[in-house]
Amino acid sequence: MPSSLLVTSLVNTIQIGSLYALMALGLTLTFSVIKLPNFAHAEYVTAGAYAALIISLAGVLNPLIIIAVAFLVGALTAVVSHLIVFKPLERQNVSLYTLILASFAVGLIIRYILFTIADYFNIFDLRIAIPLQILFRTGSLILTNLFAWVAPTSIVLVILLTLLINRTALGREMRALANNTILARVIGIPVERVKNYTWLLVGGMAGVAGALWGLQSAVSPLMGWAAIISVFAAAILGGLSSFPGTILGAYVVAFSENTIMLFLNFSYGVDLAYKPAIPFIIIIAVLLIRPQGLTQLLKRAGELGR
Amino acid sequence: MPLLQLFNLRKDFGGLRAVDDVSLEVATGAIVGLIGPNGSGKSTLLNLIAGSAERTAGRIIFDGDEISGLSADQVFQRGIARGYQDPSLYLKMTTLDNALLPVKSQRGEHPWYAPWRRFWQKQEAENARAAAGVLEQVQLLGHYDSLASDLSGGQMKLLEMGRSLMGSPKLLLLDEPTAGVAPNLAYEIFEEISRLRQQHGITFLIVEHRLEILFDFVDSVYVMHLGNLLAHGSADDIASNETVREVYFGD
Amino acid sequence: MINIDLGATAISVLTLFGIYALMSISLNLEYGVAGVPNFGQALFVSIGAYVAGVTYTRLLPLLAGMESVHPCGPTMGQALQLRSEIMATQPVAGFINLALTLVIAAILSGAVGFAVSYVTLRLKEEWFLALVLLVGGETVRIVVRGADDLICSHNGISSVAQPFYFLDDVQMSSILFMLLALALALIAYLYSQRLTHSPYGRMLKGLRENEEVTRGLGKGISLARAQIMLIGSAIAAIGGVLFALNTGFVNTNDYVVTLTLDVWVMVVLGGIGNNRGALLGAALIAIMDRVTQVAAIALNMSGSPIEFNYVRFIAFGIILLLMLRYRPAGLLPESRLTTIAHETAKRLTPGKTI
């Protein structure tokens, strides 16, 4: 495989891996604290992306404002879905499958609302058009200011979230909830409030991931759903409980999808159309062979609990 | 020869030793109590015997055969049934169906035969007669068509016991059969246990916290503490045993 | 305005009902009765469709005594013409091909269902099975779409004619196909009804209610679960064959997660654990599908900017949520088990107290 392609694929790995990490951490957090494998998570990403796209089309081109709006819209979507759907269902003590099914339904509703909006304004497959500047160029590799936004913003947010979980009072309460909901309630942790904040954070991060995603490639109503299995693969590599494991998992998935896939294509002629099968293979392999994910390898550092 | 023998049975959960080299015997036809403070390993011990938890070490001999390592369904087939501390009835099924489910080797349980009634209808009717007998014994025949969720707490306990009987067990493991039941009904449940022993020769190993009732019915009592067997003896011996009083009642 | 041909509408809705009923009966057996969360219904349906895609291009010409033409690539048009011609002129070959397709699809899908459920027994958490099935369905779809030869990757196979295509009377031909779909659905319904109201059904419901207790009562539940997955998957694949024949296409794009969700909506709407409920759910969704189709066309023609096909999915999502929240048992709640045991017990009960 030509080295220029290798470098490009590695750049993609970093960029996409960082976005996956941002999304997968939210999934891990929801699963640990809320105890829900939330399939609607994908749509918080898409909602954020569309919010970002719409305000950029309206003339707002400052990336920071775009990201902030995406955060707010993602967070709003998540909190509303919690308050209207998940919270009342949890109160009814429904089975986990009912909650999973509800998360599918929530995702479906948001996705097709976005479809309707996109159709109405005819905004399919557009990129969030902040002005491009070339920062660095060597051979075929071109790094633009997009790269400077996408990966670093994701990484900074991942670090901030990790700090929040490990160093703040809210983070401590979340970890307590992740460990044992009943016990957390008994020792006086305001469970409902912590859950609300969790949804807010999770949705906001997903929204930002959507905006960043929309900076580097086209925004479409299916973009979140198309990524959700990769994101699940990353979270499952992290055992659905560990932050470092999830982050590592995100880069492993991105590396497999980009670099390894390209390598297979060059060396063995594997069709690039099979790329979406990679996260599926990872999920099935991990669940069957190593359901605890990569957590043990990381010596349980930063474990959320469970 | 005892019906059930445990040799150095051990169970570790991670670093915690829940059951620590326990050896005990239950004689055929006996009612044996198993007591101890919360977290002393009683329920874990029942789980190990019933095959619903995997032992770390040790052997379980039942009716002359080694059953260590068998799965829960295989253990049941050998003749050990168990009751649960929390109500474990199938709430969306009728009393009768609850009783019929555990019957062994039902032909209609095989999916290839199930759609063709003539293969299993006769057997089902026979099983229903047996179930009606058991339900009558636990005074629930009149409720055969009620959903289990409509029964009272005491009736649920009785149905659970009746259901265990439908697998024609030799040994019944009960985990706090009177938990959450009014005192007079609790006494009735133990009278029922005693009757079952007499009529069907069933052996009982019972975890129970209501010692005042338990002690009226048992042949012998084992006391567990922190995963170890602390004492063994008749109800009177145990009641007057200083060490037991210390760990149990804290005086 | 658009003209609605009531006769044709009724035929198409009833045909769709028959096909949906096969899918919902299958999921109801798996999830409603046995509690196995099959979020991969699209996988098993798609197996039926893919098998049809293969048999109608490879097996059919052989049965008609002709040389088969490679269905994809440069000979695509020629192959299409060949199978249309055979279906139009050789009904016997068509029927034999359909029968074999149904059998192969059922066996293949059943085997996959059986195997998946056995493999996933090792999973740490119950819901992983749901994830594996969902993910498995998508994986198979991607692999089939990626394969150039099987069903011509993203082109799919078109002109997969239904078996009565040879009739000159188009309406009669679609009526007969409708009857075929309804007959298969009826058989599936009667079969699952008998399966549910038997000691096997009792054991499955026990497994659904409390796995640990059922194991403790001597039931080898892993086998029971694998068996119901085998049966359910086979029924779903039969639905998949008919689905492909009904649309005339085999295309991987039809077998995505939204199809799985459609089937879930049918079961949740009709009544979880109730075979009649599964039929009711299938009927309601078939009608709603048709209504949204008509509404979409009508809206489009009236120049409305709203795309009604999107509204369909939003409506389905809302229905699902409303049902889960306010009527979790469905429109027709689960009926009690009835076997001869209840009559026997009734006779033995002196002066029934209830």
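Chains: A, B and C, in written order; residue numbering restarts at 1 for each.
Keep this in mind: contacts are C-beta pairs under 8 Å (C-beta built on N, C-alpha and C of every residue); 3 or more make two chains touch, one makes a residue touch a chain.
Just so we're clear, the structure is a prediction, and the values are computed from it rather than from any experiment.
Engineer: Check every other chain and keep only those touching both subunit A and subunit B; list them.
Structural biologist: For subunit A paired with subunit B, the chains in contact with each are C, in label order.
Engineer: Need the central chain here, defined by C-alpha centroid distance to the all-chain C-alpha centroid.
Structural biologist: C
Engineer: Hey, which chain ends up farthest from subunit C, C-alpha centres compared?
Structural biologist: B
Engineer: From the C-alpha centre of subunit A to that of subunit B, how far is it in Å?
Structural biologist: 48
Engineer: Please tell me the distance, in whole Å, between the geometric centres of subunit B and subunit C computed from their C-alpha atoms.
Structural biologist: 43
Engineer: Taking each chain's centre as the mean of its CA atoms, how far is subunit A from subunit C in angstrom?
Structural biologist: Using C-alpha averages as centres, the distance is 33 Å.
Engineer: What part of subunit A is in contact with subunit C in the complex they form?
Structural biologist: 37, 85, 88-89, 92, 94, 96-98, 100-102, 104-106, 108-109, 111-113, 115-116, 119-120, 229, 232, 271, 273-274, 276-277, 280-281, 283-284, 287-288, 291-292
Engineer: Quick check on the complex: what are the subunit B residues that touch subunit C?
Structural biologist: Per the touch definition, subunit B meets subunit C at residues 50, 52, 71-73, 76-77, 81-82, 84, 88, 90-94, 96-97, 100-102, 104, 106-111, 113-117, 120-121, 124-125, 127-129, 131-132, 135, 141-147, 163-164, 167.
Engineer: Would you pull the subunit C residues touching subunit B in the complex into a rising list?
Structural biologist: 191, 194-195, 198-203, 205-206, 209-210, 212-221, 224, 227-228, 231, 334, 336-337, 339-342, 344-346, 348-349, 352-354
Engineer: So in the complex, which bits of subunit C are touching subunit A?
Structural biologist: Per the touch definition, subunit C meets subunit A at residues 31, 37, 39, 119-120, 122-128, 130-132, 135-136, 138-139, 142-143, 145-146, 153, 257-258, 261, 264, 268, 305-307, 310-311, 313-314, 316-318, 320-321, 324-325, 328.
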